[in-house]
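Below are two complexes that have chain A in common, paired first with chain B and then with chain C.
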Partner chain A sequence: MSTQRIDGHISQRFDEEMEGIVSDLLAMGELVTEQTESALFAFIRGDVALAQDVISKDTRINELELEIDDHCIQILARRQPAAGDLRAVVAIMKAIKDLERIGDQAKRIARIAVKLADADERYQKQYGEFELIGSHVISMLQNTLQAFREMDADKALAAALQDKSIDSDYEAILRQNMTYMMEDPRNITRIVEMTWVGRAIERIGDHARNVCEYTIYLVQGLDVRHKDDDQLQAIVQSRPKR
Partner chain B sequence: MNTMQVSFGEKKDNAAQAEHAVKMSARDVKVFYGDNEALHGINMDILENEVIAFIGPSGCGKSTFLRCLNRMNDTIDTARVTGLVTLDGKDIYDRSLDVVQLRAQVGMVFQKPNPFPKSIFENIAYGPRLHGLVDNKRDLDEVVESSLRRAGLWDEVKDRLEAPGTGLSGGQQQRLCIARAIAVSPEVILMDEPCSALDPIATSIIEELIDELKGSYTIAIVTHNMQQAARVSDKTAFFHLGNLVELNDTREIFTNPQDSRTEDYITGRFG
Partner chain C sequence: MSTQRIDGHISQRFDEEMEGIVSDLLAMGELVTEQTESALFAFIRGDVALAQDVISKDTRINELELEIDDHCIQILARRQPAAGDLRAVVAIMKAIKDLERIGDQAKRIARIAVKLADADERYQKQYGEFELIGSHVISMLQNTLQAFREMDADKALAAALQDKSIDSDYEAILRQNMTYMMEDPRNITRIVEMTWVGRAIERIGDHARNVCEYTIYLVQGLDVRHKDDDQLQAIVQSRPKR
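Moving on to the complex of A and B:
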């Protein structure tokens, strides 16, 4: 089976608790997606107010991590979950850590956005590559969350594989930024900051991929960490259907 | 630190399991109560020095199957067993086989502690005497002491061996019954819900004992308590409606069962 259910317990209360941590995780995921999107928008447009908003909202993400963690610990202590329920709790406890880190990266982007907000017109062309990598990472985050929401291993695999294009977008940004630095050394400080933004987005892709791996673990019971794309694909697709 | 040591120990056990020999084996075992087929052809190998837990909802056949392993179903007039059950490769339903001897080799501990209405000493001494395992009083004393020691009861009863066994607490009585089973040098110990009448502390002591005993014996345990199965067993067998649905390493059954009925049962989706 390539999907997993979390409801249907004899204890309705247990269903509610499981549904609670799943929906909280999704809410947290949506919030960090929003934060990433806003941070990128603020960076590209030089919108200081929006960037400040992203920075201040990061505390909410940290709070959510603590809350969900606590709910998971309560379920472990009081329900002794097994099989798919156990995998769901474990996957969620791991996923919130990556989501929290995505939040941190969004905050990092927002801080750089504040720093570089006074951009002259002539620099604007340098942001083109960020539009591209940004749209890729947002799409990956959305697909990651959708795969988790539907507890669908095939969708999680597809989302995990999106990380590759983000890595190559980042490579492109690095190459381009080196060119800009060579063209005019006065740009170096600014370009280094922009490179950090690219690096942050690349890290967000890695964290999203981790969440996809936990989703695959949740659904199929397979630990697919530390595998390359080909191995990941082979393992997920070879899993016999129940 | 302690938990880490335990988990390393478990890993070693799992690696060693691959080499364990088949102690008991069942092939197409069916049990009928009158016309009613209660078990539908069970196939299973039980490996030496391993704890196997039988789980499943009430009426699934787990206790019925356990009772096939030392012919306890013989005591029920309407029960009929077909198929093959072997101990060390020998058919235990063979007509020439001595059932009393079989039950010494394959001992049993029941749900409710059932000491004989005799002294603690006599409870243990009865079996070895019956089976002629001892020649003199000194040997008998030795068997009684070592059995009580192995069952973790010696220190609690050594000063009152002549007191009635029924005067002990429930947990102590159950350990007395385990000592009684051990006293006749069994190879396999069957336990039918051995802790369901005990409090959590007494349960932990029995579980600890099971862990120690598996070095010397093969143990099959029926339990309604899934966490208990998860804690004490190496292998878990899930029964449902008279069928063996899934048998696998306990670590797999409780993290990633292959059959949806197993998953539904252990996650509390039907009872």
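Moving on to the complex of A and C:
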């Protein structure tokens, strides 16, 4: 990771510290993936105990964010990394913010799961759509983390591009929900809550995409924020492989 | 700003560069405040031209984020700041992400303004609620920037606490919208869009609160993320004044 450094001793210590931070980030990423999966399962199955477990575990995600952030600031202060090393620390500081926000969205879904678990009526068809978008977002999160673990920009690109299918799943949920509301105005409160779940999943996809962008920045030194899918693809694929 | 540094020459250059970054952040903050104000005005008045102006200006906010971020990374690489200086650079890198997201929410409101401008029916009572939450969020944004400009932790605390009234304005809009939908299911699509506007404003309040937290971190060295209002108040006010 630290090809730019000439002082082997400092470099080795830096690498060791960075390895620790990278593995903490991956652990945090796995935790938010689990949280997302559990929150969705709790929502679909009406499992209040599982939803409450998700809500209580969110504190741990917040702590992890602060711990990793603190390690990054310490490494900036003590090791004064340059070039690619500095980029790695900065990318990690940004990525953990997005992971923390994924955790927030999972908690949001879990809270709605608790609220709706007691409702008399279950919308089986609607829950099927949530299973679909849920499987897409979990797959995206897993691929995002794998790309980061392997420091692979092409995999990060592929994971980033998965966001599009989540956006279109969400649009479908939104359209469907409008129809449900018009057909059955008595259930508007419930359907609005279900719409919030769709929105939370859509946001998780956006944050995962951000993590992919930071992975590309870390690996290739390319700032690919605020690009659309075509631009992102063109930029990543035009670079020589490392 | 750089009390910890002993080398006067480096310190002076650092201070000059930091002043540039601080003034860029403030300019970015003023731009997102204007964007929020214009987007809300366009939404309430049905002003399509103004809404389109907001949408087109969002690119400039994204550019500002990348420019300021790049300056921060350069300053980390070249000046290798320590202690309070390092904290300042890190706080600014985080704060601009929240400003950029405020810009995104303003654009979101502007897009809905365009979509709803042609609608036959106007919900005058409802727009009154948006004027209220709008005036609260603009006041919060102005106070957030003033606290940052003056590096004043007490003002940042006061601005952060304004988020609560925005949350309760939003809850009121949400409850009201549920009633409107049940009373008049034909207008559900429209009212759902109006709910998104409320949600966007609520998110702007959250991001402004984050900027206040980073200001407190910058000024007092206190990490006050993930605290509730009472904890935040207790922490900030228990510190000796600087």
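FYI, the second predicted complex is superposed on the first by the 224 of 242 C-alpha atoms of A that agree within 3 Å, B and C clash if a C-alpha of one lies under 4 Å from a C-alpha of the other, contacts with A are read in each partner's own complex, and residues count from 1 in each chain.
To be clear about the criterion, a contact is a pair of C-beta atoms (placed from the backbone, for glycine too) under 8 Å apart; a residue touches a chain by one contact, two chains touch by 3 or more.
Here the structure is a predicted model, which is why all the values come from computation and not from measurement.
When the two structures are aligned on the shared chain, A:Leu66 is found in touch with chain C, with no touch to chain B.
Of the two partner chains, chain B is the only one touched by A:Ser11; chain C is not. In the superposed pair of complexes, A:Met178 makes contact with chain C only, with no contact to chain B. Contacts of A:Arg225 after superposition: chain C is touched, whereas chain B is not reached. Once the two complexes are overlaid on the shared chain, A:Ser238 sits clear of chain B and of chain C alike. Contacts of A:Ile188 after superposition on the shared chain: chain C is touched, whereas chain B is not. In the superposition on chain A, contact of A:Lys94 is made with chain C only, not with chain B. In the superposition on chain A, A:Leu76 makes contact with chain C only, while chain B stays out of contact range.
For chain A, the partner that touches more of its residues is C, with chain B and chain C as the two candidates.
In the superposition on chain A, A:Gly84 makes contact with chain B only, while chain C stays out of contact range. Overlap of the chain B and chain C interfaces on chain A: residues 80, 82-83, 86-87. Residues of chain A that touch chain B in their complex: 1, 8-11, 14, 80-87, 221, 242.
Listed in rising order, the residues of chain B touching chain A in the complex are 226-227, 230, 253-260, 262-264, 266-271.
Against chain A, in their complex, chain C makes its touches with residues 62, 65-66, 70, 73, 76-77, 80, 82-83, 86-87, 90, 93-94, 97, 178, 181-182, 185-186, 188-189, 192, 195, 223, 225-226.
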